[in-house]
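Take this structure first; my questions come after.
All chains are identified by letter, namely A, B, C, D and E, in their written order; residue positions are counted from 1 within each chain.
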Amino acid sequence: MSDKLSRRDFLKLAGVGAASTAVLTGCGPASRSVKREPYMQMPEYTYNGLSTYYATTCRECAAGCGLVVRTSQGRAIKTEGNANNPLNLGKTCARGQATLHGLYNPDRVTDPIKRTRGNASGDIVTWENATQIVADALKNNKPEEIAFLMGMAPDHLFDLVADLANSTGINAPVRFGALNMFESRATLSKAAENLFGEAGLPFFDVGGAQVVFSFGANFLETWLSPVSYTRGFAGLREGQTKKRGTFVQFESRMSSTAGKADEWMPLRPGTEALVALAIGRLASELRGGSMPRAFADVDPLEAASKSGIKLETLEHLAEMFANSTGALAIPGGTALGQSNGLAVAEAVLALNAIADNFGKPGGVFFSALAPNQTEYQRSASVKEMQEFVQQMADGKFKVLFVHGLNPIFELPASLDFKNALKNVEQVISFATFPDETALESDYVFPDHHGLESWGYQRVATGSAQPVLSGAQPVVSPFYNTRATADVLIAAAQLASGKFAEALPFQDEVEFLQSKISPLMSEADGFFSAADIDTFAAYFQQYGGWWKLSDGRAVPNSADVLNRSLSSAEAEFAGEGEFFFVPFVSPTLAEAGANKPWLQELPDPTTTVMWNTWVEINPVTAEELGLKDDDVVTITSEAGVLEVPVYRYPAIRPDTIAIPFGQGHTAYGRYATALDENGKIIKRGVNPTDLLGQHFNEAGDLAFAGMKVNIKKTGKKQLLSRLESIMGVYGVGLGEEK
Amino acid sequence: MIKPEEIKMSTDESGKWGMVIDQDICTGCQACVAACAMENNISFVGEADSGYGRSMHWIRIERFWEGEYPEVKMTPNQPMMCQQCGSATCEPVCPAFATIHSQAEQLNLQVYNRCIGTRYCANNCPYQVRSFNWRDYERPEPLPNQFNPDVTVRRRGVMEKCTFCIQRIHKAQDKAKSEGREVLDGEFTTACAQACPASAITFGRVDDPESLVSQLAHRGHGVKHLEELGTLPNVTYFKGG
Amino acid sequence: MAGYNNNAVHKKVESAHPKAESHHHDEEHFREKHLMLDPLPRGQMNDMVMESMTTTSWKFWAVFGLLSVIVAVCLFYVWGYMISEGLGVTGKNRPSYWGLFLVNTVFWIGISHAGTFISAILRVFKAEFRRPFTRAAELMTTFGLVQAGFSVFMHLGRVWLFYWLLPYPNQRMLWPNLHSPLSWDLLAITTYLLSSTMYLFLPLIPDLAMARDKSTGWRKTFYKTLALGFRGTEGEWTHLRNAMNIFAFAIIPVMFSVHTIVSWDFAAATRPGWNSTIFGPYFVVGALHSGMGAVVMVLAVVRGTMKNMKYFIRPEHFDAIGKLMLIISMAWAYFFFNDYMVQWYGGDKWTKQLLHFHEAGPMGWMWFAMLIANIAIPWAVLWNPKWRSTPWIVFVVGLIINFGMYLERYIIVPVSLSINRMPFTWRLYYPRVEVLLGIGTLAFFIWLYMAASRLIPLIPVWEVEEGQMAHELKKFGRETVVSVSELE
Amino acid sequence: MIKRLFDWLKQPLGLIAVGIAFLALFSLAAYGIFQSQQSPAQPIQFPHATHAARGLQCLYCHPGAARGPSAGIPAQAKCWACHQQIQKTLDSQLADTQFPLLKPLVAAVTSNTPLEWVPVAMVPDFVQFNHRAHVAAGQNCENCHGDMTKVTVAENPQVFNMGFCLNCHKKVAGENHELLVKLTDCGTCHY
Amino acid sequence: MADNISRRERSGQVSLLAVFPDLEPAADAIDHLRTLGISDDQMNVISGIPVTEAMLGRPNQWTNVPRLAGGGAVLGFLGAVFLMYGVPYLYPYPIQVSTQAVIPGPPTVVVLFEITMLGMLLSTFLGVFLDSYFPNYRPMEYVKEVSDGKIAVFFICPEESREKFTKAMTALGAEKVEVAEVEHL
């Protein structure tokens, strides 16, 4: 397929040829400067000027939303959601829309490169050499000296590497992603294991609920599966029962999710478990009957005083929760990224037991496992990554393959991945973009962009049905890149022996077919076919395969309330004065910074574009003598950052917050900035630089468990805001607030 | 030939295409903004210009604050785009007829190639939804490969604004005509409405009482912004709650 | 007819001579004071005017050279740069889509109003003090309008397509939109520019003929060409006088219409603060305010720097214009207050917000400076006949008034644009290259004026002579008074 | 000095000199404009007439015209589908001597490089032209593109400007008010 | 008109120019010329200021300027009428802006006014040119002293009585009386 779709540049100039329009428009076409190249071979069903639509899967995050991409003359023009895909039902988020700016990004890695580490330029090598280098790396090192570090997408490549590792004895691939770090997936699944006796990713049916209490879960932004949860939120508001559902958010900083809440509870960071249990106790009291053991030990008065939420408010919330026929409590986000994160997750999940909503509409489920999955697989927690980095630093690995991940940027700087990398003899990156990690690698063998790739992605959560989203190339590769799966298969063949046996495939497509062929025999599918070719064709055509039935499991709730739950407050690291809340930028997330239109999207809460800011309550700012755009130094035990101030009216005065997503030193021209001398500098800052190595009981990073200090620098840096600071905040109108 | 006296004024009608926006479920996620930019070849302008009020968004999501901490509330997100007024104040002030009222589609047209850049229309737009090409904003190769061939790429000195994705309207009409039928309700929609994960935006024929958008619009307590100016906007907002 | 009485003329000429014998004190006092009572032989006045044109110091050329450089750089180079880069190099943004260029346009059109006011309205009302400086004022009209035209073209995003604004048949079957106040503007400014240029030229013809008779070399060719063969026959004078009368009456409504239409650019818009019915007369009076200030500045400079001009332009003229300035300042205050009052009382929340923004916003200083410069200072100074007869004082007041009126336009255009009905978009405007281009237009105005002062007799000698003919002293009992005969 | 020059220029000889200078400038400008209007050579001086004479329909090579906005240039594979069966294409001897036009095609196909054509009929970017609607409305290709049986390399028989489009649209709509509104709406072509 | 006397090239006649320093003698001279049989249309006065006909006791001068101005105003008005009422009928397409009528009321007044005034003033200006035969660079009878305030009376008399007229004029205060020399203007 990808080879047949030849001439990408049928029109040398884009169909609308911006550049060639004569200055004197109105004077007719400037046809003399235009040349057209016809297709060598016109693909079937293609006509000049008519669009062709291909179903594929979005690779901007790991959720696995289905896309339909409009292509014209072999160029991808627009992405839309795949209406058939049960996960996103035809919808996309902003990042899914902007994925084309990744495909046609001017800063992609265009060829396989050999480079001296840290050097921006490098020598182009041929793909034959590249494959040989990979083969040698596999063959010439001991299995335990080979490590794979992979991102959350795509799953098919992970499966391929896992298969390779399984049968050759090399280290199992490690998966990580900054989004998962901020989602604390390990904590969620551990809490589920503790409460329900089974590990898994809970699914919260927001759309079916009447009252939703969210403890830090930013499910309208980047959390787990934002498109599907946003649809759920719309369901909550519009209500199946035609009654508008209520939504309460508990967190110290009003996220854009909390902005949609009917009530925002700015509790003191670290008291989430206490508050959840207190609400549980008060609600249980209202319900009558014996007090469950889970809530027995908590004192609502203490909860009120420690959290800063008034007792009356807690009572009112408890009443709301207890009296609703469809109450739902969701733990997530910053609430879990604290030293007591596991306790918070357990306490909040336990609240659901009062509502008795397990396995009911509007309640808690286990997410449906994807069709070719037998058990929940979670990514590495930061604790596990810490061990991995330690092994690197100890020189345990001779060769490291990195794909789909930019650990230098995404891991907290205190883990010092960059330094540990120095003790790995050979680093081979498969990065599509020249990110920080690719810059510190010996080789970059660029993978295709997601829209040029084959593959599939398991939908981990968000859909009631088990879904395997399928990917196919919608355009032929724009540059001299090659699918990493193809490179690995070819290298395994070259390495021969057990490697060749482990991956006995012609190419990536054959491997994919081998992986989806078991689905042919599964019942209840969206489609079925007798032979693999037809099945694979449908798989491409519809953008994946999914069952028609609900695949969610009901958690075993028998024991939830009969256990003692900890109401301990979180401990905070560092001597600082302020609680520090890093949060994922809803528009950029971990990998959006190189897409110009994502940079130009205003942040939903602050409307800032193209930069990083620190949110400080105006009262605190006044005390510190800070105005908007004043640059402050923020110091934690792990690091220092300089960042301009945004006086944010909806954050606790003892808390500050910085979005994660910027602060790149590489990753293309839009992710970085230029100083006056034309030198590449950081655009914005990366808040993970401030994070120390503190974990919760489940091994997730206590990213919201730091305390920091703020100091004014006297410098100013104007933040680009879409909003008017005069119109929205009344600043500069003559009546200072 | 059309005699001037035969021209129908838009006050006589209810408009043709319209939108309903449910602010209660709009999460402010910016998917519509990104979708609009991708569909309509909108330039990005960079940090300095965007911070100076020159961003080219055809749709922007407004939010304000009510109250003070801790009783502070974010007002419902309000996506603002061209309201396709039936009696648009931008139209009569253009000396070149570059922005006029389409009789066929009852839309407020911006004819880029006729625009000479007086920017009077933008001044006179009470919704402030027009954006001006202050420069030839750079889109380095190969970014232009993504351009939508159905939408003109604008250059410096030209005003632009939301068109209700008129290219999609034409495409749907062309398709329906080639199949010998009328355009069906929901057969196509604008880029913003198509992307919106919460389905907060509904687009369709407001002159067809059976259409979804008409039914939503007549649900009650919907607001048309600055209606008091007599602009006859075609976008209805529901603040919700 | 004593004024043109042979003996009387000779007597007065002698008296102007230093060797003259002592004369009546009253008469001498009047003569010193009034140009019209201090006639010189026509030939001498001609020579004085010719001399003023041709006597050029190195200072003149230094200033002229500097201005040429400024015009070349600030106007033409920067404009070219702006056209090639787009208007992004200016400071405009959303919502301040209009900025300094339209401020400059309004300003220059305002400046141009003084010329017509002096040469048409004062002519119609036979205000005799106008005679020596009608041309100096009328030149300002034409050159000011040239700058206004430049400014409005700079304002266009795609200026190379300006011809789409002209009504002409074309294959597109498209005509300009005559619903738009900008179209009316184009019509009105074109009409005004053409008619004020013609009105400048008609009374100039006899003086060009005079210059033709008095010069040699290239100047002779130049004046000969421009004088069109004028001899001064009875017929020529009659046609000229008739035409000038028609112009004097007809150009007044044109002048009013121009600035009224300019005000409609704002008043017709659906914007808080702009949508005001008083804007038409308010703008016209504002134009006169700045125009008179500019006239007085030009006269002071002309009197101070050009040879023989102290004879033609005297304190009496500054006194007379000063009185006008005072009256116009009062009228401006009246209109300003009228507009402010109604807007304030109206109670529209956006308008109130805007008024508050004017006074207390970041540009609040402009609002107060405007009131001080346009009202307080003129009133404080111009009531005093001695002060308003002192050229440098009136010059300073004129300068301050122009500064104040510039601020007024700045407040009306970009400052008011900052506030609209969508608070999410409110933003301030910071001019960038517009400043250079504004300086360019100012330099070009002065450049044109300086060039004209070398080429065109700035004093309409025949009008002065005509006036001198008509004036005489008359005794009523013990008092001697000035008496004017109606010659036409 | 200037006066002498001026006087000299006023003489008949001077006037002639002025005239010649003016003419020279004018012809230079005219030549420049003429040059800018010349299309660069096509890679093949494609004989439309020859193909049309063999009964090939326009839509055979330009099928996009019936289906969508763009008529398109045929893929090289399409050319080759016929030409590879034609002896004179394959015979290099013949091609060298008698049919030099075929050489670039053979070269392009054998080297698998695309021919770069120079578009002849084009509307500006800001005009959204759709072939399908025009063909469906019964317009023949030659109404706009001229009679291809008579030309070798395609040429524009007329300037595709707004007047050209409008004249036809007006004519087609006739007295049908609704159709005229649709066909003359600015938004029908410009968006 | 007297301006064109010389062009008629009357044989046996001579044109004389008498230059007077002031109005009174010039007026006297004109009266005297009349008594000597020179009719008003054989005389002309050249002056450096607009001397009205009444001052010299001359008949009123005919001028077309006001009529031309009126004609121009009518033409301008018709042009404006065409733009406002004619052009909308020329459009093949319905151009509608906002809900304003295609032929709008108040804007029509503005355009009618502006173009009418433009037409009137342009034709007034042109009227001066037409009536005075401007531009006219042909040789004409002229003395430069006129610029310096002298008044020249120009008349045609029979060749034979030239002496008589010269004397008469000198007696009335003429500074010089000479055959009107054709000067390059």
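We take it that contacts are C-beta pairs under 8 Å (C-beta built on N, C-alpha and C of every residue); 3 or more make two chains touch, one makes a residue touch a chain.
A quick note: this is a predicted structure, and the numbers were derived from the prediction, not measured.
Distance from each chain's C-alpha mean to the overall C-alpha mean is smallest for B.
Of the two chain pairs shown, C-D and C-E, the one joined by more C-beta contacts is C-E. Chain E has its Cα centroid 63 Å from the Cα centroid of chain B. Rounded to whole angstrom, the centroid-to-centroid distance between chain A and chain C, based on C-alpha atoms, equals 67 Å. Centre-to-centre separation of chain A and chain E, using mean CA positions: 89 Å.
Between the CA-based centres of chain A and chain D the separation comes to 51 Å, rounded to the whole angstrom. Counting partner chains per residue, chain C has residues 161, 164, 173-175, 177, 179, 183, 422-425, 427 touching two or more of them. Looking at chain B, residues 1-2, 6, 52-53, 60, 62, 64, 89, 92, 94, 97, 100, 103, 113-114, 149, 151-153 sit in touch with two or more other chains.
In chain D, 69, 124-126, 161, 166, 170, 180-181, 184-186 are the positions where the chain touches two or more neighbouring chains simultaneously.
This structure has the following touching chain pairs: A-B, A-C, A-D, B-C, B-D, B-E, C-D, C-E, D-E. Chain A contributes residues 23-26, 722-724, 726-728, 732-735 to its touches with chain C in the complex. Looking at the complex, you find that chain B touches chain E at residues 1-7, 9-11, 85-89, 91-92, 94, 97, 99-101, 103, 232. Residues 69, 124-128, 130, 132-133, 136, 170, 177, 180-182, 184-188, 190-191 of chain D are the ones touching chain B in the complex.
In the complex of the two chains, the chain B residues touching chain D come out as 1-2, 6, 100, 102-105, 107, 109, 111-114, 149-153, 163, 166-167, 170, 174, 177-178.
By the touch criterion stated above, chain D contacts chain E in their complex at residues 166, 169-170, 180-181, 184-186.
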